[in-house]
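These notes are about the structure you will find just below.
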Amino acid sequence: MMEFLAMGGYAPYVWGSYLIMAGLLVVEMLQLRYRRRSLLAWIRRMARLRAQEEKQ
Amino acid sequence: MSERGIQWFRFTAPANFYDLAGRLIPWFAALTIALFAVGLYLGLVVAPSDYQQGDSYRIIYIHVPTAWMGMFLYVLMAAYAAIGLIWRIKMADVMAKAIAPTGALFTFLALWTGALWGRPTWGVYWVWDARLTSMLILLFLYLGYMALHAAIDDRQRASNASAVLAMVGVVNVPIIYFSVQWWNTLHQGASITVTEAPTMATIMFVTLLIMVLAAWMYSVAVVLARARVELLERERNARWVQERLEGGTK
Amino acid sequence: MFHPLLALLRRDLTLALRRPQDALTVVGFFVVVVALFPLGIGPDPEFLRSLAPGVLWVAALLAVMLSLERLFSDDFRDGTLEQLLLVPEPMGLLVLTKIVAHWLITGLPLVLVSPLLAIQLNLRPDEIAILMLALLIGTPILSLIGAIGAALTLGLRGGGVLIALLILPLYAPPLILGAGAVDAVMHGSSAQAHLSLLGAMMVFALFATPWATAAAVRIMLD
Amino acid sequence: MFHPLLALLRRDLTLALRRPQDALTVVGFFVVVVALFPLGIGPDPEFLRSLAPGVLWVAALLAVMLSLERLFSDDFRDGTLEQLLLVPEPMGLLVLTKIVAHWLITGLPLVLVSPLLAIQLNLRPDEIAILMLALLIGTPILSLIGAIGAALTLGLRGGGVLIALLILPLYAPPLILGAGAVDAVMHGSSAQAHLSLLGAMMVFALFATPWATAAAVRIMLD
Amino acid sequence: MPAPHATNHPERKETVTAELSGMADREFRAVDLAAERGERLLFEHLEFKLSPGQLLQVSGRNGCGKTSLLRILSGLSRPTAGEVYWGDEPIRSVDGGTGSCLGYLGHQNALKEDMSAEENILIAGRLGGGRPERETVLAMLGGLGLAGYEDLPVRFLSQGQKRRVALARLLLQPRALLILDEPYAALDVQVIEVLRGAIEAHLTRKGMIIITTHQAVDIDGDCRNLHLG
Amino acid sequence: MPAPHATNHPERKETVTAELSGMADREFRAVDLAAERGERLLFEHLEFKLSPGQLLQVSGRNGCGKTSLLRILSGLSRPTAGEVYWGDEPIRSVDGGTGSCLGYLGHQNALKEDMSAEENILIAGRLGGGRPERETVLAMLGGLGLAGYEDLPVRFLSQGQKRRVALARLLLQPRALLILDEPYAALDVQVIEVLRGAIEAHLTRKGMIIITTHQAVDIDGDCRNLHLG
């Protein structure tokens, strides 16, 4: 296992690549999810406001 | 002219696209996970070390897919942008805008992984050779596209203007490609071509292929998801959005 | 003088002559940037000489780029650009006319002062000749390509810097070829190949970019 | 948050956050300019390394200078600058506040990305540290001095290039000291002297230039 | 959003003086126009027809979309839906460009500040494909009360004087349709009179005019009103 | 150049509501003013005195120097000769700056396009040294017919809507003297009414107003006229 992690002495380079890649892809997905959620919340709020206005 | 426009519009109607994309995304996501799992296992565990480069060569399994995706997504983005500009198809604009961040991300990753690979093989993180420089320029093109989009408030105008930029930028791609010939380069030439048999070991080749496919599937899934958000944002007052929200769909 | 395009060319040149400082400041910028380098890098003549083609080209490129912001922005701000869209001539030709005027005002003077700076950086006469030739072919390319960026940033806040981000990547090929031409002569080989490629690029830009620019102007004024 | 100066600082920062691309493009410009040099000069790593301090400083200086055009011009164009003259606070302090906001938006990010570029130009960690320190002291000087130029070119056509011509000569001392500091470390000596001079210059600029700038603004708005 | 009201006049008048451009006998029509700015729908299903000799005054509150409409009518912006016709052609594909049939004066004066009023007008005339005479220009400027200011750079003129120069430029270009966005803003009373005269003359020559203004105008002629919002 | 005519009102009114700044009981005087733009003398020997509760309307042809005069009065430009006094102090050396006693609205609206109407006004209030309340601001905007537009970036507003926001900002700053350069330009009829009300209220509170306009205004109060040119 340690041997695997050491990557024949190239650990910083290999893991530096793979982990950054994994990290950035995850960040991209999280950011997308966040954007989607806040947008949906906003649309719902506006719809509710409009419904209220129409009732009055 | 206008009648054809209407037909096109129906074909790419936002609501249909929204639903279809919503149904497709899980499949692509699943494929992405599966392919990455296999590819990573093969690449990090099964494939043997390189006799020259040792284990550092394993970076190839993410370097090459990201580099290819970075370049390919740019062309795709420009194509969508052109379609949106010329035929005034809103969906194409949405797709172009949705592709840009992912393309930029892959380009950045290609640069990053390349730099980390360069240190053990060339002794430096960075050299100003043709391939590396052109990749950097590609990143700038992406950033310019996104900056222009963000700088213009009006959606339609932003799409049209950045479409012009994307199309102009595409002219740069072949120029970048041929610059290798004017400029001595440290970087590896193409070793995978369609016409010739691969020069590398089969296991490496297969793994690389799987990783490339995984990156593809990931791109498709993320771009579709982003396009859906983009659509919602543009059409937030449209009836179909309201219907879908009331129906409790995501 | 009565053809609309000639009237436009004359108008732009007259306006430039009315405020010569605009054209002069572009040249001034070019000179100052080149002069800054020895300050930042140190005075070693051989070293400076080997840098010269790159520094001169980068400085010329930055000067053109800066001046580009004003290619359309004045006309945009006072509403004349809007009126130009209503002129019964193809917009591409109008745009090309404006670019030609712009090059005459900013690009050409750069070519003309470049020998002075080249001498200060210890270039030899034959190298200077190639430098001027390369700039003569290259600066129109810079103006033509840059016009697209200028049009795309019309009316945007931070236009100046945004232009830079948009078009500097597109300037890489002319820069490589232009500086390469001088470098080639410095290393004793011929600049032929570089110069012909640069020429081809200019012809291509001449025919293609005005239309892209016109489209961009229309879009930004929509 | 209720003190007028704080309100102004907050206003400028809010406006910058509303369009982050403005600040980002300045950084983008910096990066792109640095990237142009290897294209013009050639890829030899040792050569690039010896150029690095000069190139980085010149690029930072150009980036600050370009961004300066907008220090007052937005406020001038929409008439808010006129209204600022009517604010019951000393104009020098108002100007200083605007400069501080401007540095936070443009100067600081430059300092923060400089290490990345330094790596691309093959600088070593200790050199990078000095580079960042020099930029941290130096960029405020650039903003402070540049503000005078920005004020003097208010409302003039071609402001951008004119600013350049007015203030680039004034930028020579910080440039020499800043690039010199890094050079010193590269050649194994200490950067102490350069940095303290730079610091002294900053303190002086901090107290003197806002008043000159305020006077210039008044004159240009008369 | 209530639909705007517009009346139209079916019969076409054929007599056109030589001064107006050749296409002056065509009708100008807006068909089912809609416009949105940002997320807001400004108007939709807007229709009207304008025949030679008619004036259309577009009125409405601040922000109801008058400027947006005028820019669409002059082919500078695209409508969200609908089409504007010059005779039977869409205005954006008229031979020789939109500018060959109409003149537009927006909120901006479109003057080069470094040139004199006279130069500004002469150049605009040449750009429009004409060969304007110095005398005509000077006479028009004099008529608008700018005698003595003709060769001052425009930047030295006051707000209202600039507006006058822009009007002079527009009135000297023989276009069948004039589109004026708040032409009266910043003008003093005398010039308003002069302008009224010019508008009436244009209408008698079978020209068409579309105008917005917040001030009351009473113009002799075939005037229609289009109320937005 | 004929000398301008101005009447003045000698007795000083002492009652000032708390809303106006402390110096509201001072007179505002122009003494022997002259201005030239370029080579041209716009006016000279111009004198007038304005007491609390009075309004001065500056009128004259386009280009007679109204804007130039107003900028001098507000301390933004220097006169060629003469001096402007706030009480006994020259306006340019008043404690706390010119801005502590007067508010100025020129041809430009001085709004930040990227901020909402509300933010613009709040920040202007703080810059002026006050602590403006959100509710007051919203009420004022509503009164000017901008309800629903308060938190839209100003860049999305039409010409007339922007002008209204600028007026709201000015009216919310409790300054003894308001200087307004063509405040009515681009405004529709309803707002003109509202603005008239605000001006009258300011006068009853013993504020002073200096105004230029090309439209007729009939304001109840102590109005004077200064005819230039």
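Going by the order they are written in, the chains are A, B, C, D, E and F; count residues from 1 in each one.
Here is the rule we use: a residue touches a chain if its C-beta (ideal position, glycine included) is under 8 Å from a C-beta of that chain, and two chains touch if they have at least 3 such contacts.
Worth saying up front: this structure is predicted, and the values here are computed from it rather than measured.
Colleague: Interface check for copies subunit E and subunit F. Shared numbers divided by all numbers used: above half gives same, below half gives different; which is it?
Modeller: Mostly the same residues form this interface, as more than half of the numbers used are common to both chains.
Colleague: Taking each chain's centre as the mean of its C-alpha atoms, which one ends up farthest from the centre of subunit E?
Modeller: Farthest from subunit E by mean C-alpha position: A.
Colleague: By raw count of C-beta pairs in contact, what's the busiest chain pair here?
Modeller: The chain pair sharing the largest number of C-beta contacts is C-D.
Colleague: Report back the single chain whose CA centre is most distant from the CA centre of subunit F.
Modeller: With centres defined by C-alpha atoms, farthest from subunit F sits B.
Colleague: Need the CA-centroid distance for the pair subunit A / subunit E, whole Å please.
Modeller: Subunit A and subunit E have C-alpha centres separated by 53 Å.
Colleague: Could you please state the distance in Å, as a whole number, between where the Cα atoms of subunit A are centred and where those of subunit C are centred?
Modeller: The answer is 42 Å.
Colleague: Per the centroid of Cα atoms for each chain, what is the distance between subunit E and subunit F, given in Å?
Modeller: 33
Colleague: Could you tell me which residues belong to subunit D and also touch two or more other chains?
Modeller: 19, 21, 25, 28, 32, 39, 42
Colleague: Using the touch rule from the top of the page, what residues of subunit A touch 2 or more other chains?
Modeller: none
Colleague: By the touch rule stated above, which residues of subunit E touch at least two different other chains?
Modeller: Those would be 38.
Colleague: Quick check: in the complex, which residue numbers of subunit B touch subunit A?
Modeller: My answer: residues 40, 44-45, 49, 54-56, 58-59, 62-63, 66, 101-102, 105, 108-109, 112-113, 116-117, 119-120, 218, 222, 225-226, 228-229, 232-233, 236, 241-242, 245, 250.
Colleague: In their complex, what parts of subunit B are in touch with subunit C?
Modeller: Touch list, subunit B to subunit C: 133, 137, 140-141, 143-144, 147-148, 151-152, 154, 156-157, 160-162, 164-165, 167-169, 172, 175-176, 179, 182-183.
Colleague: How about subunit D: which of its residues touch subunit F in the complex?
Modeller: Contact set of subunit D toward subunit F: 1-4, 7-8, 10-11, 14-15, 18-19, 78-80, 82-89, 221-222.
Colleague: Per the contact definition, I'd like the list of subunit F residues that touch subunit D in the complex.
Modeller: Interface residues on the subunit F side: 74-78, 96-100, 102-104, 106, 108-115, 119, 123-124, 126-129, 131.
Colleague: Spell out the residues on subunit E that touch subunit F in their complex, using ranges where they run on.
Modeller: Contact set of subunit E toward subunit F: 37-38, 60-63, 67, 107, 145, 149, 152, 156-161, 163-164, 182, 185-191, 214-215.
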